[in-house]
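Supplied in structure tokens, the structure appears directly below.
To keep things simple, chains are lettered A, B, C and D as they appear, and every chain counts its residues starting from 1.
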Amino acid sequence: MSMNSFGHLFRVTTWGESHGPALGATVDGCPPGVEITPEMIQQWLDKRKPGQNKYTTQRREADEVKILSGTFEGVTTGTPIQLMIENTDQRSKDYGDIKDKFRPGHADITYFQKYGIRDYRGGGRSSARETASRVAAGGLAREAIKAIAPNVQITGYMVQMGPHKINRDAFDWDQIEQNPFWVPDAQAATDWATYLDGLRKSGSSVGAIIEITARNVPAGIGAPVYGKLDTDLAAAMMSINAVKGVEIGEGMSAAMLTGELNADEIFMGNDGQPAYTSNHSGGILGGISTGQDIVVRFAVKPTSSILTTRKTITKSGEETEIITKGRHDPCVGIRAVPVGEAMMACVILDHLLLHRGQIGQNRGVIGPQS
Amino acid sequence: MSMNSFGHLFRVTTWGESHGPALGATVDGCPPGVEITPEMIQQWLDKRKPGQNKYTTQRREADEVKILSGTFEGVTTGTPIQLMIENTDQRSKDYGDIKDKFRPGHADITYFQKYGIRDYRGGGRSSARETASRVAAGGLAREAIKAIAPNVQITGYMVQMGPHKINRDAFDWDQIEQNPFWVPDAQAATDWATYLDGLRKSGSSVGAIIEITARNVPAGIGAPVYGKLDTDLAAAMMSINAVKGVEIGEGMSAAMLTGELNADEIFMGNDGQPAYTSNHSGGILGGISTGQDIVVRFAVKPTSSILTTRKTITKSGEETEIITKGRHDPCVGIRAVPVGEAMMACVILDHLLLHRGQIGQNRGVIGPQS
Amino acid sequence: MSMNSFGHLFRVTTWGESHGPALGATVDGCPPGVEITPEMIQQWLDKRKPGQNKYTTQRREADEVKILSGTFEGVTTGTPIQLMIENTDQRSKDYGDIKDKFRPGHADITYFQKYGIRDYRGGGRSSARETASRVAAGGLAREAIKAIAPNVQITGYMVQMGPHKINRDAFDWDQIEQNPFWVPDAQAATDWATYLDGLRKSGSSVGAIIEITARNVPAGIGAPVYGKLDTDLAAAMMSINAVKGVEIGEGMSAAMLTGELNADEIFMGNDGQPAYTSNHSGGILGGISTGQDIVVRFAVKPTSSILTTRKTITKSGEETEIITKGRHDPCVGIRAVPVGEAMMACVILDHLLLHRGQIGQNRGVIGPQS
Amino acid sequence: MSMNSFGHLFRVTTWGESHGPALGATVDGCPPGVEITPEMIQQWLDKRKPGQNKYTTQRREADEVKILSGTFEGVTTGTPIQLMIENTDQRSKDYGDIKDKFRPGHADITYFQKYGIRDYRGGGRSSARETASRVAAGGLAREAIKAIAPNVQITGYMVQMGPHKINRDAFDWDQIEQNPFWVPDAQAATDWATYLDGLRKSGSSVGAIIEITARNVPAGIGAPVYGKLDTDLAAAMMSINAVKGVEIGEGMSAAMLTGELNADEIFMGNDGQPAYTSNHSGGILGGISTGQDIVVRFAVKPTSSILTTRKTITKSGEETEIITKGRHDPCVGIRAVPVGEAMMACVILDHLLLHRGQIGQNRGVIGPQS
């Protein structure tokens, strides 16, 4: 049992604090024979890296990943892979004035109540900085997936920021890389920029909804009852800092549907495989993939670091007020996009590996000969 | 690793199919010295039991639980507790005409694609019948919680059925036990009865949202980063049949909040403990309890068993149509209430036990002396 | 985490006490498509069953196994398999006079010190009766192994009883089934019968060494560093009641060898696979199988239930004496043979499954083309 | 599930190869509030460090440990602790001539058969170098134990080298630190030096038996049935490179005892706690500690790296011969002493933590009031 680990066969343990010398991911169970270089992982870390535009925290981190173990001549050996990222811009003096005050909406009070340790330097393990380790592990998972199911494509994007939602009718995959919000809707990108500029200048923050889609995942991966693909995805996404809700397919809106509307009718596709008239299920039935797009959404709350004075208490129980002046993200949802992608990659790989182990040739084949 | 188990220290493995001789829960890690009788567990199974009113499936099951191990003279011994429920009303002939057809929106197609086995008798492990095992384990968890944190109260209720939501201003804890929907709003109970009668008569079904609240959970339980209290709750709820979304506190609506609105301000309560002006966090910050109410919601989709013809395929890949005539629930959300309560009880107990093991006397105390 | 479970992918949880209504094994992770009937499992339970000859306890148990879940039409479905054995001859009055006294060499004192519960009825979970559950799970494992690696043969036998060792030069596989001691040496069988008769009549008991050999296990299964095949075997065997030592290949005698003597030289066998001039390694190098026979030995201590008076204390701390008059085995090593076989079967299956999951086609092939 | 991890609550994952840039241990579950400095860990690494005398490999490694995470101001915070040791003397050219040949008695052939990767640089994960990570984790475990059970003392020593055993009658705890073999017998130390000098000069190697004793472990820690203290110790010791056998208390010799001789009789000690007339059990009954010394022994085989020519094969299946000229230990048992101590420390700490979590105040008290 490890509280800082996730995955069944592809097992990732993240370690490291926001203001320590380094952080990273210890990955056990990566199959041997996967070609991997630091550059392959670095591209995803660069996507998550702070300070790339005015909408994310101005903390400057190189976020350079080093592979300390588990590879030989650029190929995984089947042994644990240590991915380390050294912290370079810790600047802990920024945090000095919150040494004794708890921040409303922040985990510093509950960490203190649990551990009895007040690590005031930027949140320790509860900092969003921990997600760099996840993104590194996710980059590795993407390469391992390629070796097993090369057509799988995992893409994240924002679908809501504050009250502003994307226009689903204008959904355009090609737009995602064209704007700082990873939003698949050109008009939304423009509108959101204006909105977020205002928030940023006023020292406020706002929440968001991110959607992650995995395309071309083979049918038949996943497992009952507590190792369901959607159970693992829910845990993976909810474990990300600031996430307060997770949805698969219809999500919370499934409550409003009747059985007639919700049923994705089945026919035979051109490729001789079962196909569906709709995807209310989000690509998962009974915890097992249908072969349709796997669609997960999660909501992140706004960061607690804002320039408005809030009421709080000190360690010694005195009532006081606080303003957080550190470098922070007006909308943490932006940088949550590559984190959500990484978690999806890890879960999909894990279930592809489980499928190999538990099923082998026993899969049911739908068609004339069966 | 077990795909049919959940929990870290309080470890529950459910087993059994809808149409086999029995099903149950193997529980390891229950503390010794907990007084437990079959009757204490039975009350919760009776709450979940089908056929109690016209709104749930007319399958008749006694759902009588037997304790086969782990107790001596009515007290737990610290060894595994086997809770068994024999199936009595299997009536598998009902299911004969769906032997070769897959039901749209049902897991039978993905189970076949994964396992290569077509157990057409009522869904096997994917049947809602599996949740009886959870409810039994949850009943045990409730008794063990009493021995550690006697003030904890876990209550589930419906907050939405189809398009109909409760009126939060009329929220009344005492109403919950007064109607077949476990709804805390007398007017909603009346309205929903009419609505569901119509659905039932037309052979349709509808989704729902259930909320589970745990009161008086001590501050400081939970764990970073993948063993967070909310991560475990998300997994626990998403693992329930038909669940498509899970929310903690504000949930998906957190996306719409600004940092100012979301921050639950802190002051010192009358009991000398930290208190909060609001509970947007749902009682959890950084994966650790704040001492406020823990609030979780989940959405269930409508059952796929409806009387309207839907398009589907057979095992041999032929396109056809299907109507499901079995005994089913027009709104599975009703019977999901005690299941959600059981999952909450198991997760809370698990983290209370973890807290004892990992923290001991090291907890941080907020107040003058600290 | 479950203290009553073992295995990684083939996960067995045993439950039940010596004097409760039933005991059994909850097995998760058995591959689908394995043909299994109660009879296939029963044969191994019959081998372990007490009261079959004068050398084992006269407790009479039918030890009839029921399969409560996880199969459909005689084939495993991939879901948890519940194997239940009802207790029929509990006769707990036998144990009445040891209600307050602890038995020297028995776990009743440590169980009490750990759990604070004094279940005086025959040892509870620490009773050898728990091993019936293991044997049931092992019987299932044997059938699953057949579906993956049909040539594997697992055979257990005694190699020492008290001071009497077998003559390795007279080793005869065919003798094993011909005598009540499962000893591969006809002369030893005769000698031991005389020896044990004497012990039995004097109300004494004695220890033994059991060897389990697995033949035709493919090379390349196992795993570093804490999931080694020998690590898992050591844990599996040490977990059996009364076991005090475990050896792989040369075992403790490896201490006396020089590097020259210990090195199993390698050549190419007639089948084009690597072959070895000797098997000091016991078929395992670096935790991974070599393809040679896997050879494990374990020592069991004598049972503490003897007719000689021993000094002990009561629950209230008074010094006293005890004689144990219950029905017991003069040499528990005899009935440990099928238990050791069962544990070997479970571990081998588990690693065959892990191999499928983690390695796939990546195995190294030794030969001209590689 | 992680093949490179051990422990239930105190969970250690080791990573890194003999010839990579670094290796280390990721430790999750260490309690908060433990004072720890690199120096506290370094002392144990120094004990294991190669090249300290002529009896161990002449590889020169600083083996300097860095604490990269999990502490704040010299105290553990409850979050994962990353212990990293950089490799400095890799000198991989030494290994060039064994690039294509497999070493008899070495894991290189089975690693290749499992993973399909031939990392010829000094054994990769199967190298004894991996044990440095264990020793680092063990050093941390020792400090955490002090915070919970300050009287626990863990001491390892050699009891046999090749055919030479210690004289138990001359056992002297104070001798252990006085000789390069950690042997508690001055005469043996002298004799063994002569013996090993001879072996070393002839380029041979020999096995050994190491004993680890834990004194003052409280009664009542451990767990049935697969999480027994002895089960965990057997796994922990068998997972160490080159170990072929593990014994608890009487170990394999238990086979030769009668029930009368094996029973450790019980009386009341001067401290009002149960005491025993002997310790055949090695301090463990039914997997739970008795409060007596916990005594574990393990045998290591001789290293396969010897100067005598042995027959072997190449990757392409050609038969050939091999001599291993690298820097190696004539008796790896010497450096196995601190490794065994480390594993004992990790297991004891883990069960102390489990005890806190699962038992609390429920322990049985033996004495007048109970």
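Keep in mind that, in the parts below, a contact is a pair of C-beta atoms (placed from the backbone, for glycine too) under 8 Å apart; a residue touches a chain by one contact, two chains touch by 3 or more.
Owing to the predicted nature of the structure, the values given are computational and were not obtained by experimental measurement.
Novice: Name whichever of A-B and B-C has more C-beta pairs touching across its two chains.
Specialist: Of the two interfaces, B-C and A-B, more C-beta pairs touch across A-B.
Novice: Between A-D, A-C or C-D, which repeats the contact pattern of B-D in over half of its pairs?
Specialist: From the options A-D, A-C or C-D, the copy of B-D is A-C.
Novice: Of all chains present, which has the mean Cα position farthest from that of chain C?
Specialist: Farthest by centroid: A.
Novice: Between chain A and chain B, tell me the centre distance in angstrom, where each centre is the average of that chain's C-alpha atoms.
Specialist: Centre-to-centre distance between chain A and chain B: 25 Å.
Novice: Any idea how many Å lie between the Cα centroids of chain B and chain C?
Specialist: Distance between chain centres, rounded to whole Å: 39 Å.
Novice: In chain D, what residues contact two or more other chains?
Specialist: As it turns out, chain D has residues touching two or more other chains at 1-5, 8-9, 14, 29, 32-33, 78-79, 114-117, 125, 224, 359, 362.
Novice: Under the touch definition given earlier, write down the residues of chain D that touch chain B in their complex.
Specialist: 1, 9, 29, 31-33, 78-79, 224, 353-354, 356-360, 362
Novice: Could you list, by residue number, the parts of chain B that touch chain A in their complex?
Specialist: Residues in contact with chain A: 1-6, 8-9, 14, 102, 104-118, 125-126, 130, 160-163, 199, 204-209, 219-228, 230-235, 237-239, 241, 244-260, 262-268, 272, 274, 277, 280-282, 284-291, 297, 299-306, 308, 310-313, 315-317, 319, 333, 355, 359, 362-368, 370.
Novice: Would you pull the chain C residues touching chain B in the complex into a rising list?
Specialist: Contact set of chain C toward chain B: 1-5, 8-9, 11, 13-17, 20-24, 26, 28-29, 32-33, 66, 68-70, 72, 75, 77-82, 84, 114-117, 119, 121, 124-125.
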